[in-house]
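Here chain A shows up in two complexes: once beside chain B, once beside chain C.
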Partner chain A sequence: MGVWRTSGMRLMAAIVLLLLTAPLLLLYVWLPISAFAERTEGLRPEGITFENWRRLLEPLGGATFLESLARSLAFSSIYCLVLMLAVVPAAYAFSRLPLPGRRPLLALLLMLHAFPMVSLLIGVYQTLRWLGLYDSLLGIALIKTASEIPLGVWVLKGFFDRIPWELEMAALVDGASRWRAFTSICLPLARPGLLAIAIFGFVAGWNEFLLPYLLLPSTTEWTLPLYIRSLIADFRFVDYGVLAAASIIYVFPPLALFAFGQGILSQVYTLGGRVQAQ
Partner chain B sequence: MASNARSRLVNATSRRRGLVGHHLAILMCSPALALVTSFLVVPAILTIRTSMTDMSLATLGSVRWVGLENYRRLLEQPELPRIALNTLAFAGVNLIVFNIVLPLVVIALSAAWEECLGRFLRPVWLLPRVTPSVVYSLLWIWLTAPAPHGTLNQLLTPLANGQSSWLLSHPWPVVITADGLIGTSFATVLFAAAIKAIPKEVLQAAQIDGASYWQAFRHIVLPFLRWPIMFVAAYQGLSLLASFELILLLTNGGPGLWQTEVWSLYGYHQAFSYYAGGLQMGYGAAISSLLVGFGALASLAILRLFRFPQLTAEPKLGAI
Partner chain C sequence: MRVELQGLSKLYGKVVALDRVTLTVEPGEILCLLGPSGSGKTTLLLLLAGLERPTAGEVRFNGAVVNSLPPRDRAVGFLFQNYALYPNMSVRENIAFPLRLKGVSKKERERTVLELAEMLDLRGLLERRPSELSGGQQQRVALARALARQPRLLLLDEPLSNLDPILRRSAREEIRLLQRRMGLTTIWVTHDQDEAMTVADKLAVLKEGRLVQYGSPLDVYNRPVDPFVAELMGPINFLPGSLLSIDGSPALKVDGWPAPIPQWAWQPTDGIEGHCLVAVRPENVRLLPGSDARLVDVRPSRGAHIATYRLGPHLIRVLVVGKVVPPEACLSFDPGSLMVFPDRS
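Take a look at the complex of A and B:
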């Protein structure tokens, strides 16, 4: 917007913006300071040290940091893979194929996307009990997949919708099957969408706290957020330096992935451009 | 004309292949639909069904059907008005201040500095939504910790010495601000995307015509933002009414009795917490079911907001 005319107003805008942003910066800057300090008062470190990082390698409490890290990585990757396997073909079918009941199903998915999943916890608990998947990471991964499918299908369907259908048609006229047209024409062209969903899905799994916290009572399958939470909640041992070091490693993948894929959040939150398109 | 000929050709090939399209479509959708059915639709039905039973730790193995008894009991609870009010206040203040007003202010201010400051500061506003909730809550616990450790108390030491934890002395402002900023991230992204879609010529024309910044914002930008604002209000409003993750992490409903307890947290405590509710699944399910019912109605409303029919034009290659 080039409508700011006077430099005085621009200066005012900058000052107000900085004042508004300052609390957020104060909030986050503690993390790197505390991770390298023996102790901190506010944001003032006392004594620079690498001890906090070394202590991450020692077992603290029930699980160990490295085990939880590895498990978080495995959980997010497998969950992300299952999500993609379910979402990609479904999004294509909704975008291009004559699916019976297509509109009601799309409506149901859009409703489920808006629907607050946390209100279903009791039913989710019972379902997992029935299937013998309670207290297992596999059960959590399936629930998480189901809750992200509606968003994924809608976003990816948007990407398929934008591929010019003449390309696909040309392939069909040349005798390719529908499946062939999907794999060799549409999938490569939808690559930015696939990447966006994969990254968004991976981070959603990586960050997930509530589901394993509620549905994974035994400590043997703890992921990283549960491990960090147990350090915070354990009042005999609240070592903020170690917590900060663990947290930095934990927040790194989401921050790096979204910094790398700048437009991803915008693509996903707007359901592939639909929120501002009307 | 040429495309007509081609479509006739395609129709001819499609007739040869019979119902391949239908079968393939069902096959490709079935994993997604099976997962959604088993882990979202079935749990919704189970939650409502459980709400009409007396399932709890005490009745394990001999669960009885009690009809609407749980709902009657819920309405008689003396704490219910408090919890309902907490929920509405939390969702309302959060929505208006942090999901609508603050994002608009941030977007408007950073637009003035598009090239340098805006580009640096906007990512900072995304952090709350991207940070895992456990770490985000830890940051707030530290910020509001008692003196001399907490950042806030240390900065305020010259003004007021020896403050205790802000989470204990001012739980609501802390919880709403912390949770609200997550919404600010979300809305900032949506509003920025909408502003990007405004044709440059329109803004340039306004500038040439001598519109002030406020006039341009009021008459050009805001109308473009009307729909995203409505979307944020409906979508975030619904998810805020049901959200409890950060409250669980920061205060768990305390520090006093019911002080920061909201509806969904209350349901969770009754059903899943041994100490708070004695694992009363049936009663907790009744609390949740009211949210499920409200959520279903509200998401239907959101569906209308999306102008759904326009989004679901028939697939162009559908006939094959």
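Take a look at the complex of A and C:
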């Protein structure tokens, strides 16, 4: 770390990082410019207008932007909630309870995580058909949850593992039930992990494209990624102004969540979730 | 509260953590559990707190079997070795947590917390987080939390091992005085014999899950049942010897000693014959004028000296009170101070 103390090295680092991120930043710069311009010449806007936003609100082949937005928000939130409901108890059980076959199960979870979703699509399709959940957002939420559980369990189990056993024992001796010890001691101490999983979960749901694209053939259940795709694909000429306006709204929630949860997420990436320091 | 253990055993898989331990703790007494790490001390506490279920045997509180009573119904206070303070709560919330679980009213909780804070000198710290406290403060908070629900039994798992030596002595006094004032039956786990000697009313020595000896601290110190306990309880000299019968009366021949040692010097030795192990504590060796033993080393020890003398092939440590440590001496023993153990080697 010492080397970063000198301002010269810091400047160097900043320049290198700036160069590396410049292409990405340009994309983000392009978004607001195009959204408010009549036309653009490269990054140079010509004429300021709200016309793109007005057109964004017009219905488009059976789906409207606002409906898709609302559906995306609902889908991501519900998906995130269901994911948490499944992951939290599973992670706690793997971390704390003397389950028979705990190790092989954990190994299996990791293998499941490594399984690419694309290779399962046909099986997923048939299962959904059989369940009568084909072409419904609920079916997709269930599939998506199932596919994200393994990683979530692994990450959160790590957080529970770092909570000393003695804390729970102390709570039991102090008069708590096992459940109370879990809610009063373990959950608050695993909060960074819970937030991280929730943020990742929400963003994963928000970004999910493949499953709805393939398994939601009718337009009435479109989420935002499908709607935006239709802006590009369904017309002979692409209205980049509208696309930019839609995209600005589309990128906002993930950006906000990552900005809000940056510290917590970096803990997860470095596997350095500190339980003691609150 | 009277605590009785009857044939208490605990197995973890095939590992025997505790092997048929039977003992009684009288109301208001401090029982010290002494033993090396892995001897089952902590397991015993977990069984008493209800955090583990015994594999066999019984735990009785005031005569009632509590084997399957969950921890929250046992009214036990537990001081963990690492204190186990809840890092997500302030000191105040930590101490109040057991009271909250008990359904004590807010006003009553506040009163008890202040009372305990007063007693354990924590008044200025109530709003702090555990991570902002020193080791000694954390220990006092943990003690306050353990006492908050007015336990019938206090379990202390190496309560002083995470404190620095100066603090350790004062904390030891403090806990003992507190215990005396509250008349609280206490089980105190330690691996420090010094600590055990100074705080215990009764001492139980554990080794590999078995109770090896149980009695008053002095009793265990002066009449250990085997060489392991003898050494655990403090510095000691071991010498090979043999028990003989000379002209029909018993005699102890100690390797290196010129003459057999008369019977007044050793403790009764029922059932021991032939080769044996003789043990004597440094403070029970007397120096007489003579030249049998030569001084090889001296070091100061609590206002006295521990001197090492060479006698034949053996090195013998002697506690010398007074300023003069003679370079040569003849060694003798206090009456009844020689311990004789069967020779297992």
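Definition applied: the second predicted complex is superposed on the first by the 237 of 278 C-alpha atoms of A that agree within 3 Å, B and C clash if a C-alpha of one lies under 4 Å from a C-alpha of the other, contacts with A are read in each partner's own complex, and residues count from 1 in each chain.
Here is the rule we go by: contacts are C-beta pairs under 8 Å (C-beta built on N, C-alpha and C of every residue); 3 or more make two chains touch, one makes a residue touch a chain.
Worth saying up front: this structure is predicted, and the values here are computed from it rather than measured.
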Contacts of A:16 with chain B and chain C, given as first, second, both or neither: first
Does chain A have more residues touched by chain B or by chain C? B
Touch test for A:173: chain B only (first), chain C only (second), both, or neither? both
Counting only touches as set out at the top, which of chain B and chain C does A:254 meet: first, second, both, neither? first
If you stack the two complexes on chain A, which partner ends up touching A:209: first (chain B), second (chain C), both, or neither? first
Which of chain B and chain C A:218 touches, first, second, both or neither: neither
Just checking: does A:122 make contact with chain B only, chain C only, both, or neither of them? Give me first, second, both or neither. first
Dual-contact residues of chain A (chain B, chain C) 169, 172-173, 175, 177, 275-278
Residue numbers on chain C that touch chain A, as the complex places them: 46, 49-51, 70-72, 74, 76-78, 80-82, 84, 86-88, 97-98, 101-102, 129, 131, 145, 148-149
For the chain A and chain C complex, residues of the former touching the latter: 164, 166-167, 169-177, 180, 184-185, 188-189, 275-278
Could you list, by residue number, the parts of chain A that touch chain B in their complex? 1-5, 9-10, 13-14, 16-18, 20-21, 24-28, 30-31, 34, 40-44, 85-87, 89-90, 92-100, 102-103, 105-107, 109-112, 114-127, 142-143, 145-147, 149-150, 153, 165, 168-169, 172-173, 175, 177-179, 203, 206-207, 209-210, 214, 225, 228-229, 232, 240, 243, 247, 250-251, 254-255, 258-259, 265-266, 269-270, 273-278
Note which residues of chain B are touching chain A in the complex, please. 6, 9-10, 13, 20-22, 24-29, 31-33, 35-36, 38-40, 42-47, 50, 102, 105-106, 109-114, 117, 121, 123-135, 137-143, 148-151, 153-155, 181, 186, 189-190, 192-195, 197, 203-204, 206-207, 211-213, 216-217, 221, 224, 227-228, 231, 234-235, 238-239, 241-245, 248-249, 264, 267-268, 271-272, 281, 284-285, 288, 291-292, 295-296, 298-300, 302-303, 306-308, 310-312, 315-320
